[in-house]
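Structures incoming, each one as structure tokens.
In what comes next, subunit A is part of two complexes: it sits with subunit B in the first one and with subunit C in the second one.
Then we have the complex of A and B:
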């Protein structure tokens, strides 16, 4: 187990370095550089001043040197500076990240609390009206755009009923609508997976054995079926966290909620590339670490898996 | 060189699409599958709206009439009007065009490039496989829509930037799928037989292995369209899509957001259109999977 953990952790290093290189190279493809971005912002610079600024920022060095410099900075926790304000990227991201992570966690909680019971219900009442209704709802849930669902939740619960605030500034009540908007689609994904996985597990020999020993339906589902059915669900949760982090950016904009969403979208609109680069990289790193955790949990649940065979 | 035709029948291929009678039965099974029929019909409806928007839409998509701004749904404007007095129904109909582009173009880009790459590295293996698998791992380290968002930032906002961004960020999923299928198929008896009788690499890949690759890829393509339409609308909602006044569902929802307390219909109807389109595609994907690739559970690409 310990060897697996160590091996799995070492495997994440090239992925993280690769991700940093990929995003660095992507940013190089953006037309213009930090200096032209400042000028597009209204600053008037003479050609000499431009040259001086490029020199100061190290933009006229070879690409490989700049990349090495960037990676070395990353190792030391330096993500660069915003071109639009004087703040460091790490402080900008650090100020917003907790809000985004809380939203993602709340969305995941919604997905689990609704998705798993719905999937179990559909599997136990397989091929009945309940199953068809549950799975129909799930496909519909998969198809509804999260930001539109969020807006409709605002219309119903904030504008008409006044139960929750429309714009979310902070606090638990302000988290409810964004978390629902975010989590319902993933609940649909989970419900479908739990259903198919549980049905499969209820057809296994160990289920037949349990039934032969006189276990009740309820006991078979919860004690024998579900724990085995949840193994693929754990992997899915890892992927879903990534989806949720992406969707959270959109949902934060909808609810005007502070978080990385505002930071990312504004950095794109203002062409503040270091901030964009840093935010995306940090989200990717968190995603990688969550998947690392997921793999370790998976190994714990199913000791047969081997390293690299994900 | 003659094709060892009956070989595929002896192999335990999940879908022996090669023989003509099974091909017919696949069409028949598709036509008899409820999800395929309902999804297909709804999708045709959206496609018709996109193709014949000029004839169907009662008003021009950008025709303003400020004297009729923010009218609720009624007989003259079935879905009401927006803040400039534009007919929401007409804009919803025209909005099918960019949405289908944002759904289909990424699917085509990623499926062609990803499947080809995945098949080649899966077949030839060795260091290209190792390298590509690492690259795929790196690309998959990014939450999908965020990678697309970054590419849009590079390319600048617009419909085709979004399509290209979603197309590029979808490639790793196809590589992984095609590679996995090829690696499994390489050991299958019908492929080993083809190799043994001296079939060339190209022939083995495109006459034999490909029939193992196509079914799951087709399913993935359908589900990808659904995901790409949603992601494209989300990126447009963020203001990274077609500039106004062109009608686009995500942008219309963003517009409607400002008027949500006054005129719910501005955001409501484009969202319904979006949900119906994606629902249709998801149903089609589910049906295709039931018929073509019953073993896989599939994961959505976003």
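Then we have the complex of A and C:
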């Protein structure tokens, strides 16, 4: 197990390095750099001042040098400084990360609390109207753009009903609408997965055995069927965390919620490369770590699984 | 069991009733107190209103007395002239004979009369002056009464937290280094400027109480306000002001600072509260430049002590002190209890600020911003999207106000550098083909007036003749294009010698919403028009490096000579406003002359020439005059708006509880 874990951790490094290189190259393709972003905001810089600023930020060096310098710093744990405010990337990201993680966790909670029961319902009543309705809702949830869904939630629950605030900063009530906007699409994915996984599990031999032994329907579903059905779901959760973190960017902007999402968007608008890279690398690292945890949990859930097997 | 239950129930009921009575009794008291306070506030307000009307009446009397005094003075002058003439006649007559003698007698009589008239006029003048004096005293008394009434209202209405919904988070809060309007909107509450530009382009005293620009506009004498302190306790005086301006000798990146650094040379300290700002070239608009929030006075010593953190911990002299900055969420400021030097004519109070706390909340999405106003989570919303104006107006408890932003209107530059727009006939064809009325209706819901020239109509120097140029006439456009040799093909697009009549319209995302309609209007007369969308930094980089036929732009400024930065050949390149890459020596000449001309009449003439020239050369397609709409809760009152319409000041704002 330990060897497996160590191996996976080492594999993380090329993933992160690859991400850093990719972001760097993409930023070079976008017109404008940190200095032109400052001028777009209204600063009047003479050509000499622009040159000075670019020199100070190291933007005049060849691309390979800039990239190499950044990667070298990365290896030493130095994520650099913001080109806009000169604060360390670590402090900027550190201030925002908990807010995003809370949002992602809440979104996942919503997805589980709505998706799993919906999937179970559809599986137990499969091929009935209930099943069709449940799956139809799931497809709807998948198709609705999250941004639009967020706006509709604000309109209904904040403006018209006044149950929750439109702006999300702190506290539980402010978390509800963003979590819903984030989690409902995931709930749909989970519902479909739980349904098919549970149906398959209910067709297994051990289910027939349990039924033969006189177990009730409910006992079969919850005690025998679901635990086995949830195994692929757990794997899915690991992957979906990545989706949720990406969607969190949009949701944070919509609800004016502080977090890495806002940091990412602002750093793109400001062409603040170190902050952008730092934020995305941290998000990537979290994603890799969660998937690693999921794989380990998988092993505990299903002892038959051999980690690291082809 | 039942009995016990019944007892318990009635016991509970009894407790419940008692509690309810208690609660309503307490609540009742609060209500009465609040009612009383509200009534007293209303009474104080009425008093203030009365005092105001009296002051107005006194003012009118003073003015009448003034004109009487003037009339009396001219009568006196006339009488004196007559006296002199009479005396001359008398002198000539002295050398003569009888005729002269009688002439002398006549002259004497005339002189007598003249003297009497003069005396009478003199007395009238004195009486008029006394009346004027009394009127002035009455006005002062009225103002004092108003201020006292206001203070009573302040006491009753004080407190509360005002939440302002902004769109983007500032980058940093050091006024001197501020670059964006987001920075400056916050800085305006924390740092004060030497003078304040009010609505109607009127200057109010700020940290300077009197100012005097030398006739050659090379130096500015300022008398500084006494008794002013910074939020950290440091006093404000001439030395501190000099230290602030000395910061220009180092790094200059702030947008307003860079503007002033273009002509600032040095600060001469005359005494503790008198300075002379010395310029390297004539700066007739120095006062207007100094009124912008980006010219807010900072505490240079404190800034240096804080080093890199200065941008996150601003220190100023203003009505609000920085409290905390929660990244991605909001910036909060608290009332500065020492702020007692507010300029009453601008803020409506001498201070301290009525609100206890002011929060700037950043909300990137405009629909969410509007929703937050409806739910009451914010009290003030700037930059209402045009399609939301009507729905917000219908909302109870919300007021919508429009402000016009003077400057270069929203336009598309027509670049004379590249083909096909290098041909003036093509440029003129474009101007005749654009239907601004359609744009105003469809894109701006009729809420912003169309523009006609390079200067918005807010300025006194606006030359209305530009309204006669280029009426909407697509047939004339077709004629001009035919004349220029561009013939339409089967698909309607015009070509000439194998070249397509191309028009690339480039827009800065969300700032130029009319471009698709413009594209449509140009297609109709045979242009192969396309829209390219970039945002922010990318837009400024691209338009500076590449020349587009129709680049969108606008500019906001308080003084019309600033138009120079929109059309001068030195203003070409990334980050600069001349995105049409116009390099016209005649235009450069006119703009240079206007920026150093100190005689306002002459300057107006030069600017008139500029406006005509730009339109004669068809360098721009004027679209609309920039208007911003703000929406605010009816509970919020008393905020001030500066002369550019851009900045809102909350020193005098209050929230009714």
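In this text, the second predicted complex is superposed on the first by the 231 of 310 C-alpha atoms of A that agree within 3 Å, B and C clash if a C-alpha of one lies under 4 Å from a C-alpha of the other, contacts with A are read in each partner's own complex, and residues count from 1 in each chain.
Keep in mind that, in the parts below, contacts are C-beta pairs under 8 Å (C-beta built on N, C-alpha and C of every residue); 3 or more make two chains touch, one makes a residue touch a chain.
Predicted model only: the values in this text are computed from it and were never measured.
*Asks:* Can A:13 be said to touch subunit B (first), subunit C (second), both, or neither?
*Replies:* Neither partner.
*Asks:* Is A:193 touching anything from subunit B or subunit C once the two structures are fitted on A? First, second, both or neither.
*Replies:* first
*Asks:* Look at A:63 in the shared chain and tell me whether it touches subunit B only, subunit C only, both, or neither; answer first, second, both or neither.
*Replies:* In the superposition, A:63 contacts neither subunit B nor subunit C.
*Asks:* Look at A:301 in the shared chain and tell me whether it touches subunit B only, subunit C only, both, or neither; answer first, second, both or neither.
*Replies:* neither
*Asks:* If we overlay the two complexes on their shared chain A, which of subunit B and subunit C does A:130 touch? Say first, second, both or neither.
*Replies:* Neither partner.
*Asks:* Just to be sure I read the superposition right, which of the two partners does A:85 touch: subunit B = first, subunit C = second, or both, or neither?
*Replies:* second
*Asks:* Which partner chains sit in contact with A:165 here, subunit B, subunit C, both or neither? Use first/second/both/neither.
*Replies:* The answer is second: A:165 touches subunit C but not subunit B.
*Asks:* According to the stated criteria, A:269 is in contact with first (subunit B), second (subunit C), both, or neither; which is it?
*Replies:* In the superposition, A:269 touches subunit B and subunit C alike.
*Asks:* Considering only the touch criterion stated at the top, classify A:259 as touching first (subunit B), second (subunit C), both, or neither.
*Replies:* So A:259 only meets subunit C here.
*Asks:* Using the superposition on chain A as set up above, list the residues of subunit A that contact both subunit B and subunit C.
*Replies:* 30-31, 151, 154-155, 159, 253-254, 265, 269, 271
*Asks:* Quick one: in the complex, what on subunit A touches subunit C?
*Replies:* Per the touch definition, subunit A meets subunit C at residues 30-34, 36-47, 49-50, 53, 84-87, 92, 95-96, 99, 151, 154-155, 158-159, 162, 165-167, 169, 252-259, 262-263, 265-266, 269-271.
*Asks:* Residues of subunit B touching subunit A in their complex?
*Replies:* It comes out as residues 134-135, 137-139, 141-147, 149-154, 156, 226, 230, 233-234, 237-240, 250, 253, 256-257, 260-261, 264, 267-268, 270-271, 274-276, 278-279, 282-283, 286, 297, 299-300, 302.
*Asks:* Considering only the defined contacts, which subunit C positions touch subunit A in the complex?
*Replies:* 168-169, 171-172, 179-182, 252-255, 258-259, 308, 311-312, 326-330, 361-365, 367-368, 371-372, 374-375, 377-378, 534-542, 544, 565, 573-576
*Asks:* Name, in rising order, each residue of subunit A that touches subunit B in their complex.
*Replies:* Checking each residue of subunit A against subunit B gives 14-16, 18-19, 22-23, 26-27, 29-31, 139-140, 142-149, 151-152, 154-155, 159, 189, 193, 196-197, 232, 236, 239, 242-243, 245-247, 249-250, 253-254, 264-265, 268-269, 271, 273, 276, 280, 283-284, 287-288.
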